[in-house]
Amino acid sequence: MQIGLIGLGKMGGNMRERLRNAGHSVIGYDTNPGVSDVADLADLVQKLEAPRAVWVMVPAGAATQSAVDDLKELLSPGDIVVDGGNSRWTDDEKHADELGEHGIGFVDAGVSGGVWGLKNGYALMVGGEQEHVDRLEPVFDALKPEGPYGYVHAGKVGAGHFAKMVHNGIEYAMMQAYAEGWELLEKVDSVDNVREVFRSWQEGTVIRSWLLDLAVNALDEDQHLDKLRGCAADSGEGRWTVEAAIDNAVPLPAITASLFARFASRQEDSPQMKMIAALRNQFGGHAVESARR
Amino acid sequence: MQIGLIGLGKMGGNMRERLRNAGHSVIGYDTNPGVSDVADLADLVQKLEAPRAVWVMVPAGAATQSAVDDLKELLSPGDIVVDGGNSRWTDDEKHADELGEHGIGFVDAGVSGGVWGLKNGYALMVGGEQEHVDRLEPVFDALKPEGPYGYVHAGKVGAGHFAKMVHNGIEYAMMQAYAEGWELLEKVDSVDNVREVFRSWQEGTVIRSWLLDLAVNALDEDQHLDKLRGCAADSGEGRWTVEAAIDNAVPLPAITASLFARFASRQEDSPQMKMIAALRNQFGGHAVESARR
Amino acid sequence: MQIGLIGLGKMGGNMRERLRNAGHSVIGYDTNPGVSDVADLADLVQKLEAPRAVWVMVPAGAATQSAVDDLKELLSPGDIVVDGGNSRWTDDEKHADELGEHGIGFVDAGVSGGVWGLKNGYALMVGGEQEHVDRLEPVFDALKPEGPYGYVHAGKVGAGHFAKMVHNGIEYAMMQAYAEGWELLEKVDSVDNVREVFRSWQEGTVIRSWLLDLAVNALDEDQHLDKLRGCAADSGEGRWTVEAAIDNAVPLPAITASLFARFASRQEDSPQMKMIAALRNQFGGHAVESARR
Amino acid sequence: MQIGLIGLGKMGGNMRERLRNAGHSVIGYDTNPGVSDVADLADLVQKLEAPRAVWVMVPAGAATQSAVDDLKELLSPGDIVVDGGNSRWTDDEKHADELGEHGIGFVDAGVSGGVWGLKNGYALMVGGEQEHVDRLEPVFDALKPEGPYGYVHAGKVGAGHFAKMVHNGIEYAMMQAYAEGWELLEKVDSVDNVREVFRSWQEGTVIRSWLLDLAVNALDEDQHLDKLRGCAADSGEGRWTVEAAIDNAVPLPAITASLFARFASRQEDSPQMKMIAALRNQFGGHAVESARR
C-alpha cells in the first residue's frame, strides 16, 4: 500500500527501507532535504491518494505535536495518522481527539527494535480502533519480524504506547539485573573470567535472553568495560512507567531502582550523600572527605 | 566414562538418564531403594573403578555435608568428588579442604536447567583445579546443552557455585521485572489483552528471553493467573547473592528488591505496615483497619 | 487582625480556635451550617474589611479549585488568598495566575501538625511574594508553635507546598525506618521486649524523635499492634514527592520504597507475585499455592 | 562501684570520665600507655577486687576476641565481662560460652551516644542474665542519660547488640530520608533557602528529631555542603541489620536502600552502570562516555 512517513532519522530512514523492501510505496518527508522525498508536508499530503495513511516518526513532545497540528489541517476526513514515535501514552488520547474533530483517524504504535530493526523487523504494539488498525495491517506486516510474534493490537488509543512504555520499564530492570550480577562477579577473586561465565549462560540457563547475548558482545569488545564510564541516560519511558505505577498504586521496586541507578550514575557528586556525610560527622565525629575541585 | 551419582531425586534422576543416554556408565545411589542402583555408599564406591568420580546431587547443607563426610572415609587418594547441588559457595572451600586431607579432589558445579534439563541439557558452572575439571570433561560434555554455550570453568573451588548463585540472583530480578510490568499492564483499562502483549514481545523486542516464553506459557494456561496465590518461596541463592554483595560492598538494588518482594509475599499480614498504620493514627488521627480474625 | 477561613473540618476548626485564642478575628465558612459563622461565601466576603485575607482550608483538588474560582469573582484587588490545604505545588502557580488577573494576591502554606496543632502550634511552610507574606505575618505568628522554629517563608509561589510535600516524603521514610526496625526486633527470639527497647531509645540515641515518641505511645496502647491490620493509606504528598524527584532526576530510593510498601500493603493479593509464582512453576516445577476463595 | 575498663579511645576515654564523675572507681587499660591506668591486663585484673566487673570497649572482631581470650584466663569464677563495643550479636553467645566455661559471666551492651555521650549520657541496650545485669546496674545508671529513658535490658545474651544494631539500621534510613529530601529541595528553583526550611522543621512538624537538629547544625556550618564529598562509610551495623533481616525473611527496603546508597557513594565509577551503558550502546546505538583517565 501507499504510506506517508514523516521523520527519516535513524529509525524512520530504516523503516522506509524495510517498507520499500516489502513492496510498499513510501513517500518520506524530513526537514533534512538530503533525505526527504518531498519538499514539505503539503507536498507529501498532495502526493498521497485518499484515503491517506501518514506515519509520524519524530521525537515525542513538541515535534510530534507540531506534526499533528499540521496534519489535522492538511489531511481529509477518512485519513489516518499513526504516531510511531516514543510519545507518552497520555498524549495519544489528546492527539486522537484533535484529529478526530477533523474526521481523521489516529493509531498509536510503540516500536521496538533499534538499530537491529531494519534486518530483524520491528516489534509493534498498537493502540486504536479496530477499523483503523485493520487498514494499516499491510504496513504493520511489513515492519514486524517474520514469524508469529512481534505484533499486537494492544487495545484502545494509547494502549500501544503504554505497552511499549512498560516494555521499556521491564528492559530497565532486566539490564540492571545483568549489570548487578556482572559487578558482583567482577568483584570476587574466585571467579577468573566473568566474560566466559556470561557467555556460558547463553544456553541451558533460566536467564538466557537477547540482552544477555548483547552483554556478551559488549564484553567481547571490551572485556572489563574499561573504556566506558559508568553513566547511563534515560529516555523517558522509564520515568513514565514509574509515574503510571504511582497513578495506579502499583509497586514497582525493581524498575524504579533501575531508574534511580541511572539518575545517580549521571551525578558528578551526590548531594544526598553529602548530607549523610555531614550527619555522620555531626553525631560521631566521623571523618569527611573534602569535595574534589 | 564411569561415574557414581549420589541423589536420584528430580534433578539427579534426570541427570542419570541424560548421562546414560550419552553412553556413560552411571552407578546411582539414593536412600530410596526403589530408584537406587546400589545398597549403600560403600557398595557404590566398591563398584567404581579407581580413580573414581562421584557426583553428589543432594540438598545443600546437612545432606551434602554428610555425603562429604562419608566419602572422605570411603574414597581413595586420586578420586574426585563433584558437588552439583545448590551448596553455598562458602562451603566449597571447606569441603575441598576436608577431602583434600585425604588426597581426594573436589569440584563444585552449579547446575541450571530444572525440569527442562533432561531434554535441553544442563547449564554448568564449574569451579576447581584444572586437572580435576579436565578429568570430568566427558561428564560435563554429556550434561551440558548442545552447541557452544552452557558450560564454563569459572575459576577456583567455589567459583562454580558462586556463578550459579549470581545467575539465580539475576533470575530473581528478571522475573520481578516481568512481574512488575505484567501487574501494571493488567491494572490499566486501555490495554485489552495483556497476554497477547506478552506474546507479541517474543520477537523483535529488547526484552525477549526464555523467561518471557515461560510467562506466555503460564498466561496461556491461566490468562489472569486467577488460580494462583501471589506468594513465592526463595531457595537460598537469592539470599546468598545479597549477602555476598554486602560482603563486597556492591549495591544490588534490583536483586534485593526482588528478594524482599518474595519475603513480603509470604506474610499473612505485614508487621511493619501495622507500625505505619499505628503511627499515622497517632499523629493524624487517621483511621486504622482492624486485624482480620 | 481579621481573617476569613474557608473549611472548618478537623484542621480548619482547630485553626480557627487557635487564631481566636491569639486574639485574631476569624470569620469561618463551612458548608456545614452547624459550624459556619456565615451563610455563604458572599456573606463571608462582605463581612471582611478590605484589604481582605481569606485562608482556604479545604481538600486539595476540586474543592480548592472551586474556592479559588469563587473567590476570584467575590474578592477585590488588593485582597489575598492563602491556600493552606494539601494542594499539589503545581496547582499553586495556576491559582496565583487566576487570582492575579483580578489583582488578588496568593500565598501557599503547607501546614503540619495534625491533631496536635491546636495545642502545640502548626508548622508552616509558606510560598509567595514578600509583600503578601508580610501582611499575613500576624496570622502565621498565631498559628505557628512558640519559639524560634516552625515557620519559614520558603520561596516563591509553590515553595510552601513543595516544602511541605518533601516534609511528608521524609516522614514516609522515617516511619518506614522505625517500622522495619520494629518488625525485625519482634521477629527474633533473643529480644524479650521490643516496646521497652523503643521506649529506651527516647533519650541518648541518634534516632530519638517525635515519631519515636508516638511509636512508644502506640505500643503502650497495643504492645504488639495485634489489633491493627498492616495496611496504610497514602495521601498524595508521597506520590508527588516521587514524581517531583523523577522530574528532577533525583534518586529517592528510601522514600520511594516507603511509598511502594504502602501500595503493596493495600493489596489483598499481589498480582506481580502471582507472576513470580507462575514462572517458578514453569521452569522448576515448584509448587504453587492456589488463590484463596 | 569499682570497674575495669579496657579501651580508652574516643568512646572509652569519655566513658571513664563520665563514670568517675558519677563517683565510680574506674581502672582503665589501653595499649597506649599515655592514657592507661595500668601496665597490662594482668595488672588491671589484680587491682580489681573480686567479684570483678570488666567493661571491654575495643573494636569489634579481633580486638574484642583477643580481650575475651585474655580475660577468660585472667579472671575468676563470679567475675563479669561486659562487651560494650560494636560486636556483632552473633559473637555474643560465643563469648558468653567461652567465658561461661570458666564461670565468668557475660553481658553485651550496645552503646549509642557518640561524641555527645560524655555530656548527655549514653543510651544503653543490654543483653544477658538478670543476675549479671543487676550487678552492673550502678554502672549503667551512671552512663545512661538522666531521666526515664536511655536504658533497656533488652533480653538474653546478644539482645543488647542486636537492639543497638537495629538502632543503627533505623539511623541509616532516617539519615537517608533527610538526605533525599534535602537533595530534592536543593534541586528546585522555587525554594530559595533550603537551610531555613530545615530549620523551621525543628518544631511543630512530624519529622522533628535530633538528627534534624544536627542537619541544621551542619547546614549552618556549610549552607550547601559544598565543602564535602558525597561519600559515606558504613560501620558494620547496617550490613548486619540487612543480614539479620535476610536470616529472618524480613523485608527491609528502606534500610537496605540506605546501605546500598553508601556503597555506591564510595565508588569512583560504577561497574554496573558501565554494563548498562554498554547494553544501551549494543541495542540502540546510544552514545557512551569514555572512562575518565
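We just call them A, B, C and D in the order they show up, numbering each chain from 1.
What we mean here is this: contacts are C-beta pairs under 8 Å (C-beta built on N, C-alpha and C of every residue); 3 or more make two chains touch, one makes a residue touch a chain.
Chain-to-protein mapping (UniProt): A, B, C, D = 6-phosphogluconate dehydrogenase.
Because the structure is a prediction, the values reported are computed rather than measured.
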Labels of chains that are neighbours to subunit C and to subunit D: A, B
Subunit B against subunit A, contact positions shared by both copies (same if over half, else different): same
Chain whose mean Cα position lies farthest from subunit C: B
Gap in Å, rounded to a whole number, between the CA centres of subunit C and subunit B: 46
Centre distance in Å when subunit A and subunit B are each reduced to the mean of their C-alpha atoms: 33
Separation of mean Cα positions, subunit C and subunit A [Å, integer]: 37
Touching two or more other chains - residues of subunit C: 114, 176, 178, 180, 183, 187, 206, 211, 250-253, 257, 260-261, 264, 272, 283
Contact set on subunit D toward subunit C in their complex: 89, 112-114, 117, 120-125, 127, 144-145, 147-159, 162-163, 166-174, 176-178, 180-181, 183-185, 187-193, 196-197, 199-212, 241, 244-245, 248, 250-255, 257-258, 260-261
Footprint of subunit D on subunit B - complex, ascending: 206, 239, 242-243, 246, 249-253, 256-257, 259-261, 263-264, 266, 272, 283
Contact set on subunit D toward subunit A in their complex: 10, 114-116, 175-176, 178-180, 182-183, 186-187, 211, 214-215, 217-219, 222, 225-233, 253, 257, 261-262, 264-265, 267, 269-286, 288-292
